[in-house]
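The structures considered in this document are given below.
Across the two complexes that follow, chain A remains constant while its partner is chain B and subsequently chain C.
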Partner chain A sequence: MGSLWLACSQEPNTGEDPEVTTRGSVEVTAQLVEIRGEFVNRADYDYAFVMKYKVLEVHRGKVDSDFIYVAHYNPEKPRDRVADERVSDVGGTLQKFHAGDIHRMALETPIDDYFMGGIINRYFEEYKGPIYWAVWTNPVSK
Partner chain B sequence: MKPEKRKQLFLIGIFLAILLAEGVTHTTMDLMKNQRPVAADLFLQVPSQENLRNYEENLEEGSWLVQNLRPVMQVLRFAVLGDLGKKAVAGREGWLFYDLGIQYLTERSQPVRPGESTPDEVVEAIVSFRDRLAERGIHLLVVPAPGKASVYPEMLTARALNLDHPVNVRTLQLLEQLENEAIELVNLFDLYQSEKNKDSISGPNNLYLIQDTHWSPKGMEMAAEKVANRLQELGWVEKGNTDYGLKEVPLSRHGDVIRMTQIPGIDDWYEPETIQASQVVRKESGEIYADDPHSEILVLGDSFLRIYEHDEPGSGGFVAHLARDLGKPLTSIINDGGASTLVRQELYRKPEMLAGKKVVIWEFVERDIRFGTEGWQDVPLPDANQEI
Partner chain C sequence: MRARYLTALFFFILGTMFSTESSASDDAAKLQEEIHHKGWIVYCSRADNGTWDLFLCRPDGSDKRNLTNTADFEEAAPRFSPDGKKILYRRLDKGSTINHDKWGFQGKLTICNSDGSDPVEYGGEGEYPWAAWSPDGTQIASLTVKGIQVIDLASRKVVKEFPRKGIYQQLFWSPDGKWFCGTGNHGGESWTVVRMNLETGEVNALRSFQTCTPDWYPDSEHVIVSSRPAGQPANNGYGYTQLWEVDGEGKEQKLLYGEDGVHIYSGAVSPDGEYILFSKCPDDGGGAERSGGTICLMRSADAPTIGGPSPELRKVHPDVKNGPVIEIDKGWEPHWTYQEISVRP
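Then we have the complex of A and B:
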């Protein structure tokens, strides 16, 4: 109950911080609509996983669609511990991805210019447009 | 208060403190990160099966105590019991194996988990890719890279020392199926077996690295030479006139199996493996090998192509050595762990990579036959009009 009280008494979190507002060429607040299927749980495998978002607000850059597809690096890891030797320029304060949650993200596109590696895209058959690369991801209060 | 009662209250207090410690530290850590405490989820979400399971996972994964105790326990288990964890298996004489490669050889033939593939699905995907390429006048050469445990089962267990039959019967059956479908392939299993017969079981001429899942420079160079010879036998490629030479580069590295254990400080327990690699360089200029996007040959594959090529020393892996053997530069798409489907999806996103191609070489590691990431999907080729 104490946790509930603390949660309710917190200031609403807009996700804004000096990283998300300066990194990447696009910055949005968007709702995670769907995480399709399970993440890959393999020790030998670093990968990016594509998730579907509904754009709520564009803070910087240009986004042409109400829905965007964003690839997150090694999504099972908290964002503040996801950067590694291979991909050093990613991060954020989000701890875990949940469908329905709102994120403020700094993005780049096209993904192939920023990430060389396995991209798990379960929308491959139905969506052929650009995939955004998530550089920074912070949670936003609903 | 009676001493007995005081003792009981003390024990109750300790018990409650243990129960509350996790919740209090977790909530404190969440608040310090300016996040909603995970415990609030219990009250803010509908108590459905899915939400409760998510809550439990969040509690465990986000736990400060778990995150800080787990590495200590891993080190203790390794130091006391030699336990490398779930992902790695210690073989004989310091050889390390990747658990998934062993699972591929030892588990029953039918896939047991979602996402695993059957041999028929593999054959269908390869045949479809071959046919799609053929419609554009492009040949396909398939190169399954043997798993380390298939080539060196005796370094995994002494019980395999005197085996009189191969351990990877399913793979050999798949190769037969592919041949029945008139798929052109290079059989590295036979090549490595005959090479092993010439040599002692384990020594400086190993075809695989001792601490790593991948082939050694020698195993890789043999594979490149065999593929080059096959391409010329088939008449698909003529030898070019680019003169490449080799520059020897000694390496000292810890293998990927050690990294996979995620045991803190494990590097200190193992001597790095010493490897003699060689970079491919242009003889006339000394320039190190670089891909040419206009090449008529495209190589697709996984980390077996990455090692020595993108990793140190660079330009010393399968692609560079194949280019040297063919006397011409190649184009390549290397997708770590993604040779079954992801590398073809990447090709779909990069139509220019297929422009002007006459041959596609497709390498994938043996265990991907069953465990290929995202299975073996039928992936279309990029639109021919977008290739230029």
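Then we have the complex of A and C:
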């Protein structure tokens, strides 16, 4: 009962912060529709993992589709600890990816201009459009 | 009577074992003799001072000497220039951990003479990532996030640029100058070794799925790669990385060497394509983060060869040749020249 009260009493979080609103060339609030398959649980291999999002609001830049495909770097890591020697300019406050959650993200596109590493794209057969590169990812709660 | 028979059988089996061992030892000795004078191998290895240095030795492991002997740097991934007169490598700050997947981004591109003299830091920290020699040694290709750059070594000018088409590490230029190979994303699959046509920019996959560290054969039509095929029950289903040869169209795929219990990396081919260098290491990635693996040498004609008992691998590849394999030294990323080098004692 206590936790229900706590949940109901929490302030809505729009995910807005000085990082997400200034980094990248595109900024959206979007719902994570699907995480297709398992992450690669290998600590010694870096990779980006493509996830499908439904766009709820475009804050900056231009997005031409209701659904976008976003690659997150080493997705098993919390965003505030994901930056490393290979990729130094990514981050955020999101701790874990769950399908159905809403994220506010600063993005770049195309991914190849910003990330040079392995990309796990399980949508390759069905989607040939641009892949966005997640620069900053914050959780949103209503 | 039965006891006498069993005793005879025991000695027969023992004799066969010794004979097989002796024969394998003879084969290895023959191979060592065959290759002793065929130029030099450069590689990186932990020195007595604890850091990674560059070493030079004959292909049979003899005449080993420390080329750089620098206690203040970690030196990694040496490559002879095509004429064998220079060596290109990465020089990292002392204490840096060499990462088997990121070494091309690490440290400073450094070029020295083949005897280790006159080392020159060509770029700053992280500059000229994945630098690879051009066939005539006057240029380097560098793999950057924005694309592949061809740089004239003398003027330092970028003379040509290519989109990298998903290639993300381990770039190498073919001896005939017509192709790049590298590890990249292709067809929705990461860790795919691809070939890029320098004239058209087109890319084709040579081998997909858990494949990396390519290097060219001298014919520019074949590439040596490390690959960890799916479906291996060993190592809790993770499997072990093996050494493979693929043709430029990605149609012919041939196992060169495999051994359950160790991962095979650092594949490199002798200048005439007759011999193969590789390293074997219990750590996936070749052990760059620690002290590397055991650098080995075999004849190309003896492929496929399987080391150790490797029962699962032998089931998949029953027709192996089991040729001799020479262990050279502990290290990482060997490279071979047939040029003679006047080395300092």
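In the analysis below, the second predicted complex is superposed on the first by the 137 of 142 C-alpha atoms of A that agree within 3 Å, B and C clash if a C-alpha of one lies under 4 Å from a C-alpha of the other, contacts with A are read in each partner's own complex, and residues count from 1 in each chain.
Just so it is clear, a contact is a pair of C-beta atoms (placed from the backbone, for glycine too) under 8 Å apart; a residue touches a chain by one contact, two chains touch by 3 or more.
Note that this is a predicted model, so its numbers are computed, not measured.
In the superposed model, B is the one of chain B and chain C that contacts more residues of chain A. In the superposed model, A:Y114 makes contact with chain C only, not with chain B.
Once the two complexes are overlaid on the shared chain, A:G129 sits clear of chain B and of chain C alike.
Looking at the shared chain after the overlay, A:K96 reaches chain B, while chain C stays out of its contact range.
Of the two partner chains placed around the shared chain by superposition, chain B and chain C are both touched by A:Y47. Across the superposed pair, chain B and chain C both touch chain A at residues 44-47, 112, 117-122, 124.
Residue ranges on chain C touching chain A, taken from their complex, read 99-102, 105-106, 143-146, 164, 166, 168-169, 185, 187-191, 284-285. Listing the residues of chain A that touch chain C in their complex gives 44-47, 85-86, 112-125.
Those residues of chain A whose C-beta lies close enough to touch chain B in the complex are 1-4, 6-8, 10, 13, 38, 40, 42-47, 78, 80, 93, 95-96, 98, 112, 117-122, 124, 139, 141. Chain B contributes residues 23, 27, 31, 33-40, 42-44, 54, 58, 61-62, 86-87, 98, 100, 114-115, 213, 256, 260-262, 303, 335-338, 342, 345-346, 348-350, 373-374, 377, 379 to its touches with chain A in the complex.
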